[in-house]
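Look at the two complexes coming up: chain A is in both, with chain B in one and chain C in the other.
After this line comes the complex of A and B, so read on.
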């Protein structure tokens, strides 16, 4: 194998600008989709805990639908099919919008992660012993108080590690947005590759970006986990 | 109607008799063969990681952690660029896809293996050594049968996620189910909703059936352990 690395071309002028733009979009995607996924996931969890069988069935099938269809397919669905489901005037409006790809990526990523997250959160809530809830009721606490002071703190502690690994998975999945030509880091670097043919350099750049993000997330998760566990003892 | 049936055949096997195999068949084949080769490679990596030799364990740990931090798309691009460089000539894309998904599946299965090995008492290793079994005999006859029992649900779970993740190979141009669906919907825009429905249903049916299977296995395993 003989390959001459040429960093000066890739890291200069317009290309450097593309890479920085790509980093910005990637971080935006990661933060927005993860936050949305957690919010939707928690809301769906409350739906699945409902006493009403119909409501429960609806939310449970939502989870199954999210979990059993690939994330890439959700992204493509929101980009190509979703606008077509509306009346024609809205379809034209949506397809004319330049940020449609970005928002479809956000929608697809958070939808597909929300299914997993709500399973995780439900597991955390279910792991809280039933006796504690019964005892709190008999001590005269209201439903809201029980959620706030009895179930929630324990549930968060129970589901924190799997939640973090799921969010990291979601962060890695943001790279799929390149299929919709969202200007995120991998799309940007591949775009540079297609002009300059410096494939290895640009791939190394995006690799280091993902290693960095992953390191930061693992590090901060460890800090938060230590805090969570400290409050127990 | 027969037009739709014809398209449906494309979804399942691609343009097979008149061209290369594609569609759902290629997704399934890729998931299966990378599962098997990833299983073997993952086992080796996991054994290396718990090895007593520091160099080997550090090296395997580094490889596992690094690749696990990368999205599959990036691993795909690595092989997409590296394979022709090493081979010195253009190679079929499917080969790059196979190698990269194998690596991805190996590092993830290595983590599953590690947690399987961790659950086995250290005494088992020591006793096996005392009875005069070699390292490989010990792994194959003593450790693996016990570890595999505990790992089975996670292995099936990983296979489901691997099958879904293979949809990513459509990005570098392998004609898998996702790519096939996109091609059909682009060729005839009136079939847009139809083709995405078919794709969704096919993925859903397979993954849902497998996840039910893994739940059943888990239930069966529980009273034993």
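After this line comes the complex of A and C, so read on.
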């Protein structure tokens, strides 16, 4: 290997500033989009469990849209197309905003993930044995009580592992925001590479950043999972 | 589930770092001249992008075309070797040369000092164009009006540095530069009002804007030269000289003019005025005397 690593260049001045800003933006994207995705996903799940066929159809179509369109396209949609759907004055206002790219990225990421998350949560709820619910009813518990004490605790346990892996997936997807010129870590990587041509150094930094974040997440998820399982036994 | 221990994680990380290093680090062989390699193999690997019309782009039928494409083909023909194209983009074109993936880059590459630190350039620059700032007609009068405004650049273009320098030299407030992944996206952002201006070499802006260019204008002409040159690996003077001779031979025997006329001539696809041909000073050398070294 005859590549001379030059860490001092990329870890100084403007470049270091870009890397730090990039890490901040990445973390913001990860946290905000994941939280939003879970919230939307859970709400959509209740929609799909509705008795009303029309409501169910709407929410199921939503899930199909989320899952079957690439995340990048969702990001591009919110950035380039979404503002054009409004009356002209609002369009101009939206386009003039300097944070449009950031919020488009958040919207695209959380929308895309929410479809998967909703399916995961629904799976967790469906896996609760029907007999338990029937028994709870016959014991005289109310609908709310059954949700609160019977279905929900088991559903969370059921869907926790796939939920975590989906969120890790979402965390990795945040790098797509570079396509909208959001200055997250991969954008910073490419920007520094295009100016200093020290691509390998910055790529290694961003690789370790993602490895680190995802490893921490997987590790803490395992701890939580163990606790959840213990509470059953 | 099997628990991965800390030790294993560290070794995994190291392993992947080394793998990445091996992939991108090797191949840069400075012992043997690229010229020998190319003649021996009978193949030249040329890095060209495909999203910078009219220099290099995919036409309506998906064929790779453009000035860079024609010029590199002419060079390969002159060398008598087969041409193999490698797609690069404005970010990878330098690193691909540095790590030996391509033998030369013909891809709207401006000769700049920071790039010259990493690679070498063939002489002369084959197209003498320059950066312009492009905005809606009548919105701005001077470049300094762009101080503090949002400006789109294609990520990897040296326009990023050039526009900041130009504005800061005039003591203007630093602009908010947004870098997109292609010139087409830059122009779309300009059209939608997501940025106030778009800066790039004038020929590329003409190519990207096409017919829609009627509503836009360049703010006060060229502000920074964009001397498109052929990039070659660093410290390989044999190869660099050979390509310089070949390029100049093409200029002498009229093949260069043929390609130039096809794209940028008066009856070409993207007429450029004033000419972007690499010609010597008209007062001293007469009209259209191309920049060619004497024997």
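Annotations
We take it that the second predicted complex is superposed on the first by the 232 of 233 C-alpha atoms of A that agree within 3 Å, B and C clash if a C-alpha of one lies under 4 Å from a C-alpha of the other, contacts with A are read in each partner's own complex, and residues count from 1 in each chain.
The rule we apply is simple: contacts are C-beta pairs under 8 Å (C-beta built on N, C-alpha and C of every residue); 3 or more make two chains touch, one makes a residue touch a chain.
Owing to the predicted nature of the structure, the values given are computational and were not obtained by experimental measurement.
Overlay on chain A: chain B and chain C clash in the combined arrangement.
Residue contacts after overlaying the shared chain place A:160 against neither chain B nor chain C.
Within the superposed three-chain model, A:206 lies in touch with chain B and out of touch with chain C [touch as defined at top]. Of the two partner chains placed around the shared chain by superposition, chain B and chain C are both touched by A:84. Contacts of A:179 after superposition on the shared chain: both chain B and chain C are touched. Of the two partner chains placed by the overlay, only chain C lies in contact with A:101; chain B stays clear of it. When both complexes are overlaid on chain A, the residue A:46 reaches neither chain B nor chain C. Looking at the shared chain after the overlay, A:191 reaches chain C, while chain B stays out of its contact range. Once the two complexes are overlaid on the shared chain, A:92 sits against chain C while remaining clear of chain B. Look at A:152: by the touch rule set out above, it reaches neither chain B nor chain C. The residues of chain A shared by its contacts with chain B and with chain C are 1, 3, 80, 84, 178-179, 190, 199-200, 203, 207, 211, 215. Remark: chain C residues 1, 3, 9, 13, 16-17, 20-22, 24-26, 28, 90-91, 94-95, 98-99, 114-115, 118, 150, 155-156, 160-161, 176, 178-181, 188, 192-194 touch chain A in the complex. Within the complex formed with chain A, the chain B residues making contact are 66, 69-74, 77-78, 80-82, 85-86, 160, 164-165, 167-168, 170-171, 178, 182, 185, 192-193, 196, 199-200, 203-204, 207-208, 211. On the side of chain A, the complex with chain B involves touching residues 1, 3, 64-65, 67-73, 76-77, 80-81, 84-85, 172-176, 178-179, 186, 190, 199-200, 203, 206-207, 210-211, 214-215. Listed in rising order, the residues of chain A touching chain C in the complex are 1-3, 80, 83-84, 92, 95-96, 98, 100-101, 178-179, 181, 187, 190-191, 193-197, 199-200, 203-204, 207-208, 211, 215, 222.
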